[in-house]
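The same chain A turns up in both complexes below, where it pairs with chain B and then with chain C.
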Partner chain A sequence: MADLQTYGQDSGLKHTLLRGLLYLVLILFSIYYLFPLFVMITTSLKSLTEIREGSLISLPRVVTFDAWNYAWNEACVGVECSGIKTFFWNSVQMAIPAVLISTILGALNGYALTKFRFKGANIVFAMLLFGCFVPFQVVLLPMSVTLGKLGIANSTMGLVLVHVVYGLCFTTLFFRNYYVSIPDELVKAATIDGAGFFTIFWRIILPISGPIIVVSIIWQFTQIWNDFLFGASFSSGGSAPMTVALNNIVNTTTGVKQYNVDMASALLTGLPTLLVYVLAGKYFVRGLTAGSVKG
Partner chain B sequence: MGASSSTESNLMASLQRNLSKIVVAPSFAASLFFVYGFIIWTAWMAFSKSRMMPVYDWAGLRQYERLWQMERWHVAIENLLIFGGLFIVICLFLGCLLAVLLDQRIRAEGVLRTIFLYPMALSFIVTGTTWKWILNPGLGLEKMMHDLGWASFKFDWLVNSDFAIYTVVIAAVWQASGFIMAMFLAALRGVDQDIIRAAYMDGASLPRIYFGIIIPSIRPVFLSAIVVLAHLAVKSFDLVIALTGGGPGYSSDLPATFMYTMAFQRNQLGISAASAMMMLATVMAIIVPYLYSELRGGKKNG
Partner chain C sequence: MASLTLDKVRKTFGSVEVLKEINLAIEDGEFLVLVGPSGCGKSTLLNLIAGLETSSDGEIRIGDRVINNVHPKDRNIAMVFQSYALYPNMTVRKNITFGLEIRGVSASERDKAVDDVARLLQIENLLDRKPSQLSGGQRQRVAMGRALVRNPDIFLFDEPLSNLDAKLRVDMRTEIKKLHHRLGSTIVYVTHDQIEAMTLASRIAVMKGGILQQFDTPQHIYEKPNNMFVAGFIGSPSMNFIEAKLVDDNGKIAVTFDNNGQKVVLPLLENSPESYKSWVGKDVVFGIRPEGLTHKRTGSDKPGSQYVNFDAKVEVIEPTGADTMTVINLGGKEIVARVRPDRATNPGEMMTFSADMNQISLFDPTTELRI
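Moving on, here comes the complex of A and B:
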């Protein structure tokens, strides 16, 4: 850390001014980043007349939750007008199994690839890793054919499969990098004591995996909840995840444009990942930066 | 302790080695099928006569020829260059600037970091929906400026086919720059303090310390950030769909939205597959040299 306080040779007035300027710039940037959230919240709490009369930054004169209620219970997605709530549950039913399965597999892979290395383990890892970088457009067509053949096209189960398969490389990467730094002696000692592959995993490795499990769950949950491409390609009508439903609500061209409902729906869609970020973001950032910055 | 015990432990070890393989096998098989197999399938489609349905008749480079003859594809490529270039440069600049500013023993650094980073937690669809509302010419930013007294203010980029792609840049920068900031901040915290102290003792000024010592020493992070951003740019799909829908017309199309339209709306499977292969080639051209240097560096270290 190099900073003005330690290394700044100017004392007194100039220093105070510089600090003031620094905070001013940071506050301006904060306003820039918070502005869309502010607009979303205030717009969602206004009535349509007030939106038309008022300005983007004006606070609601009368706070009303009508738009939220309408978005949740009544908004039309396609021909179905029962709100975004069904699609919220679709996303929940898709995300929970997909996150859990990909995390468990990732943990086992990472453990096997570092603590019980076999010949070619590096190549296997490199080949798995490649999957993280493939643009998904290249698998869209064959995947829709495959899901159709398996009879799980347009179903939540199909989306779970897709998310597990393409999330595996990330979870494996997380756990592998985490386990690499755990001393091998720990495992060797347990092997000499006669403990097997799964015993060691269960008794020794898993209890110290807390931080990386949190990272994997947060990452996977955010990716899967926020996904739109797979949802739009492999689901239709009532089985769509929430992001697809949101896009549908916003881009419905019939009737009056209800900006307050759009914003309420957007907030409802963003809320789960936002909550996860605020509550557990510390670990998320720590884990992400630890994984991506090597230099 | 004799020969029998050592055979036993050998047996155990060999069983465990196999267990290790057995555990990895399903994921590896899935990767072989769903990643490598699918890439080959798509590559084949791009060489076939497929239109509405996948057919396996060889057509050579016909689909690629048709792809490169389409004006829409050229628009998408041009947009990707504009969008990707601006997105990467602005995110790098903002991310680096914010990280340096935050690195000055700031009070409430945690709060500020959270504020800069929270957009990353949102779906691109949510971001797109929000910016679409903010930037809409009727009731959004334009009206706000009029109400504030700037009557001649005009901002119609969202519906202007020459500028629609720039609104995608605005929203994408808002979403991703905080993440780049976090990457740079972590790197700044890892710079060797002794070198900085020594430079300071020699009378170097703070800007000189930053430009002469700190920024060059975190060069690898620039590379990582560029790779992450380029990868995001090539894959960009949701944001365009939510913000402009690729429009007006197809003026803000990107390769990803082009591919999707050809596959699911225009029944042009062959062209769609060819465009997907072009995207794959682009990403590989960025990622493979990077991974190669990273893995080689990793071997050197351990």
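Moving on, here comes the complex of A and C:
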């Protein structure tokens, strides 16, 4: 504390200059990262004629939501021309159960690994950790065989299963690291109070897991919603998630290239993850650091 | 309420033996304090009684019931933890009633129980707060409330006061004692504070390295410690140990030791144990508590007195108000005497001390056991 004060007094000018430089660098980086978004948004609000005539970075002369409407309701995905909306619902139906199931299972795993240290808990944890490093591509083939055997290939349920299995390593890791800092005595006290494994989990552990639940949900939602590889591999036609549909819209070779519709579709696809970050973002950072500081 | 018996209880973690054959038995309504240095296995023993750990061997009984394989919730015990372990997401009221709720006690009965306990512990105004909104002392009370409300056979306390500041610790100590008198319940209490042990216990179990060193009433442990560890651990300032020799002094047995070149001879009392005889001519450790070593007492010159005088040079004095701790040097060891303030002298001066031969202990220097 004292150090900071003397620092402020002794070198006020230097301090201000450094601050200024810092902000300059930050602003430059912000522009660098936000520029593509700016281009996407402006392009999506222009008409096709304006795009052809105007420059890439100009603001739209006439703001029109036609492209958005077209992307949502009419754009052609493959041969089907009813917009991206059905695929949006596919993604919702895939992401929400997958996120919730993987989060709940991760919480249960973390709880069991830290508070009910069974024989071999460390080995189980090490293997789960190993799972975090398995690349997507490696599981493609075994997974498609499994889905086929289970009879849920090319279905949303199949995709949910894939994402739950793949995400479990990460969610377990999150929850396990969070729960090691929760004192064991809490569980002991509840055990003496007469609560069993699941009662303790529901009544005591889960209610104090808020920050890490948010972390898990954001992480999983981003992964699952943005996933393309699993979506493209394990779904077909009408059951494809939004990312796959977006790819099909943008890569459609027939007719004129509708940049405004492409941009609108891409923005629509990205919107849900953005929304999750805005709504829960402040808990995200808090949750990521929560495990490291006690008390 | 019930008696508690531990019969040859052992506990191993892997290949490490943390508790070695512990035998303890207390009656209904007793206050047992487990005391010992850090890592000696006190918490482990308490966890065994609670059922949070399973013993590797031996039998634990509450009353006549063997509880080795009984689930913690069915042992009818309640435990207060060192960290209090209050449920952070619940209000104080919920914290206290959680155990009752799990056991299916009706809401109206729970309300009544929580009110009774809150009145007893004077936490009525805190019932709707969360644990994070409480001070250390208040949390401690809530933790006690959670145990009390269940009305268990046995209360288990694991260092419940060690997180409190010194003043509050003394206050709460008194309150726990009062509570025990009032409820007459059986209590097992873990601490590494020997003062807590002395003031609270009806019986003390001193442990070290997983071995029960002595199990007895506080007074007996204080006066007749089984070995040098117990002697040094209980009492503050701790007992002085002087390397000495037992000799035959004109037909009487006496302890003798070196006082900076001079020989001090302290004849033992007539009523000394027979066993001392066999130690004549051998080295012993002469143990005497600071209060057994005082300024020159009146009547100490008379023959047959329990007090024996000797002179020594004062090294340091530490006034505490009530007494002045006077440090002298015997055979390179610092020895503390408890002197009345008006009889204390300045460092560097010679002073006459009286040793109360009624308050001595002799130990075997190799086994460190009491002779």
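Basically, the second predicted complex is superposed on the first by the 262 of 295 C-alpha atoms of A that agree within 3 Å, B and C clash if a C-alpha of one lies under 4 Å from a C-alpha of the other, contacts with A are read in each partner's own complex, and residues count from 1 in each chain.
Please note the rule applied: a residue touches a chain if its C-beta (ideal position, glycine included) is under 8 Å from a C-beta of that chain, and two chains touch if they have at least 3 such contacts.
Please read all numbers here as calculations on a predicted model, not as lab measurements.
Asks: As a test of reading the superposition: which chain, chain B or chain C, is in touch with more residues of chain A?
Replies: In the superposed model, B touches more residues of chain A.
Asks: Once the structures are superposed on A, label A:D262 by its partner contacts, choosing first (chain B), second (chain C), both or neither.
Replies: It touches chain B, and chain C stays clear.
Asks: If we overlay the two complexes on their shared chain A, which of chain B and chain C does A:L186 touch? Say first, second, both or neither.
Replies: The answer is second: A:L186 touches chain C but not chain B.
Asks: For A:L168 in the superposed arrangement: first (chain B), second (chain C), both or neither?
Replies: A:L168 sits against chain B, while chain C stays out of touch.
Asks: Can A:N90 be said to touch chain B (first), chain C (second), both, or neither?
Replies: Neither partner.
Asks: Classify the contacts of A:S239 with the two partner chains as first (chain B alone), second (chain C alone), both, or neither.
Replies: A:S239 contacts neither chain B nor chain C.
Asks: So, A:I204: does it touch chain B (first), chain C (second), both, or neither?
Replies: Only chain C is touched by A:I204; chain B is not.
Asks: Common interface residues of chain A with chain B and chain C?
Replies: Of chain A, residues 191-192, 194 contact chain B in one complex and chain C in the other.
Asks: Provide the residue numbers of chain A that touch chain C in the complex, in ascending order.
Replies: Against chain C, chain A makes touches at 183, 185-186, 188-195, 199, 203-204, 207-208.
Asks: Tell me, which parts of chain A touch chain B in their complex?
Replies: Against chain B, the touching part of chain A is residues 1-8, 22-23, 25-26, 29-30, 32-37, 39-40, 43, 51-52, 55-57, 105, 108-109, 111-113, 116-118, 121, 124, 126-131, 133-143, 145, 165-166, 168-169, 172, 191-192, 194, 196-198, 222, 225-229, 232-233, 243, 246-247, 250-251, 259, 262-263, 265-267, 269-270, 273-274, 276-278, 281, 285, 288-290, 292-295.
Asks: Which of the residues in chain B end up touching chain A in this complex?
Replies: Chain B reaches chain A through residues 9, 12-13, 15-17, 19-21, 23-24, 26-28, 30-32, 34-39, 41-42, 45, 54, 98, 101-106, 112-127, 129-134, 139-141, 143-144, 147-148, 174, 178-179, 182-183, 185-191, 193, 196, 200, 206, 209-210, 214, 218-221, 223-224, 228, 231, 234-235, 237-238, 241-242, 245, 255-256, 259-260, 263-264, 269, 272-273, 275-277, 279-280, 283-284, 287, 291, 294-295, 297-298.
Asks: Which of the residues in chain C come into contact with chain A in the complex?
Replies: Interface residues on chain C, with respect to chain A: 47, 50-52, 72-73, 77-79, 81-83, 85, 87-89, 98-99, 102-103, 146.
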